[in-house]
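To start, the structure itself, in structure tokens.
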């Protein structure tokens, strides 16, 4: 059956996209889990990172996958600076203030991108982008497989950082009990900024993995910010493993939904899930934990 | 009341002195922004429920008004009323799903944002909205079609502007306003004092979204066109919430001040850069960060303490 | 006026209130005392509709109000204050109290007039135009009482309105509470300041680790060994007794 094959194909594609979405969402859920803020600028930061990768490839001739470590470092500092000098400084700990500031930052980034790089949608042109791998039941582009494998690997690496390192422990302490953490001598504001840095560094990697299978334009942040929020809420806010499950699920819904309803409505399906989850089970499918 | 009447009378005289269509258009733009800002202010400012997707209600009003006139041949005044109803229905739906389960703060902001996005995507696919190519309103000048000359549109929006401000004033001076404010400040305390929090939030979103729906109808009558991005795009939502935030959320005149500041900044940006797309939004974004940082109560709140302001930024006056 | 039957409230594995049956008689001041974490505020919140009990019932004025919403309970004439005061920070003192007054007076003039009268009754008459966030701790405590009182309750639940006040401030608020009682309002209060409990209340219940361990007049309950142990630790009662008997001999 041909349609079954296509369905299978869209399941695999969905899972592969989902892994990258999960990486994007992990950054967001980490930030939420530790700082308890909703970062509306997350999607825009991803957009900026994607442009970074795009220009590294087109202007400097670097392979997109080689940019990963550099992009991660750059985005780390972008996130660190954003928290330290903008959000932490101006938010004064009030939920609505922080919401507005991250929204303001997103608006600035989106439109600065529009100003600097115009509204054109850009895509990479690389020779190996056409290469496919035959999985027996489906032909999958090499770039998707790389994205899937690398996203999973990065995911595990991040998880190890959080679970096994002193920094991860400090982060978890701050997440649970910011006041107590301060009392035992943890520089809470620094941990906040570092967490924001790490959460944003995930975007650097995600950008490099996404660009060969996707495209970039100044509005792309909007799409991803809602996508990432859906995943984060689905996987319970602040829950890292939940973000992975949520990411795969959302990738699946998008591509299988697109299979049945057409591409654009496939995305509507995601947001319908989002609203349903937020209204009927706002704590998500799992319980929160960082 | 006195101040609104004075303001209305002063504004009513504007077309007598302003002949330039461009300048009159600017006035219409400011009044329209202030009108939409006030719509957001009813829910966000008075009742404290921050919507990030108010375009949803604006857009529903806009599309329903155009579709009813074009495809069903409804007279424009009736379409205006249905725009209010359609906006309100959308508002009640969003309110019901969010408030029933106690979603607030960031969650509510996210739900409204997602709802506007769903509508935008749906409107760009389904056929009765004209999908991606949008919806046109044929020109038929005349008050019965709610289509006017430039100065006619000025008075049209001025009437809406005055009505919405009288509405907000009436809310502020009533039990409704007191209960909205109580919910904004502390939901738990409000409910202890006999306020049915869910019910009053629903009332707030009902009024707010109906007002936004009428705003959508005005847009359609004035520009004769919409597409999914105009109706449900993030830019509308953002402008609707930034004006009150910048001017002072929850105050009567804050949204007007914010709308004036935003429009003036946009015009300045336009003339400085020669019409770069998005430049006004860059300014807006920077402004909101600075306002939240330095004047959390908005310009109105900030200017009530001019002394504190001068002390904090001594260079602002000379620079 | 108010009766609870076997009221139980759990949070996960923790039983915050276990099988509590208390009653507050019309016209009395009834006190609920106990060490920190005894479950007093949880009991209050459950009675006033802020938490759903896991078992048991609440009857108010002969009517079963178990599971009702706080605003419905307020409409019936029972209102609570919060231990951690919750002023509507950006509103004036008068507007704060008016929110309560609107529960009985839908018209603005009536509500504001009633609010002003209540403000004067609790000693905030001179500060009605002040923004609530600018009040002192004592002022906020009074505002908390005033707002609740403005709803014209038959039963007023006061959660530690004296905590954090100086002895002078306590001396000032005690007559206000008596004054409220004298206008026919029944009062159930949580209090830590024992001296105030002894002066104010007609009956007292002692709660410890979610259990009721004693009830009676305040003078009776403070002599109960279980109460002394709850406050001072195991064995304290015997030590106190032997200390007392040694002194007597």
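First chain written, first letter: the chains are A, B and C, and each begins at residue 1.
Heads up, the rule we're going with is that contacts are C-beta pairs under 8 Å (C-beta built on N, C-alpha and C of every residue); 3 or more make two chains touch, one makes a residue touch a chain.
Because the structure is a prediction, the values reported are computed rather than measured.
Trainee: Chains in contact with subunit B and with subunit C: which ones?
Mentor: Correct list: empty, since no chain touches both.
Trainee: Tell me which chain's centre, taken as the mean of its C-alpha atoms, is farthest from subunit C.
Mentor: A
Trainee: With chain centres taken as the means of their Cα atoms, state the distance from subunit B to subunit C in Å.
Mentor: Subunit B and subunit C have C-alpha centres separated by 44 Å.
Trainee: Which whole number of Å gives the spacing of the CA centres of subunit A and subunit C?
Mentor: That pair's centroid distance is 49 Å.
Trainee: Quick check: how many Å separate the C-alpha centres of subunit A and subunit B?
Mentor: Computed from C-alpha means, the inter-chain centre distance equals 31 Å.
Trainee: What positions in subunit A touch 2 or more of the other chains?
Mentor: Correct list: empty.
Trainee: Can you list the subunit C residues touching subunit B in their complex?
Mentor: 48, 50, 69-72, 74-75, 79-82, 86-91, 95, 98-100, 102-103, 106-108, 111, 147-148, 150-151
Trainee: Given the complex with subunit C, which residues does subunit B contribute to the contact?
Mentor: 173-175, 178-179, 181-182, 185-186, 188-197, 250
Trainee: Can you check the complex and tell me which residues of subunit A touch subunit B?
Mentor: Answer in residue numbers: 37-38, 40, 86, 89-92, 94-97, 99-101, 103-108, 110-112, 114-115, 119, 218, 222, 226, 229-230, 233, 262, 264-265, 267-268, 271-272, 274-275, 278-280, 282.
Trainee: Going by the contact rule set out above, which residues of subunit B touch subunit A in the complex?
Mentor: Residues in contact with subunit A: 50, 52, 97-98, 100-101, 103, 105-107, 109-111, 113-115, 117-118, 121-122, 124-125, 234, 238, 245, 276-279, 281-282, 284-289, 292-293, 296.
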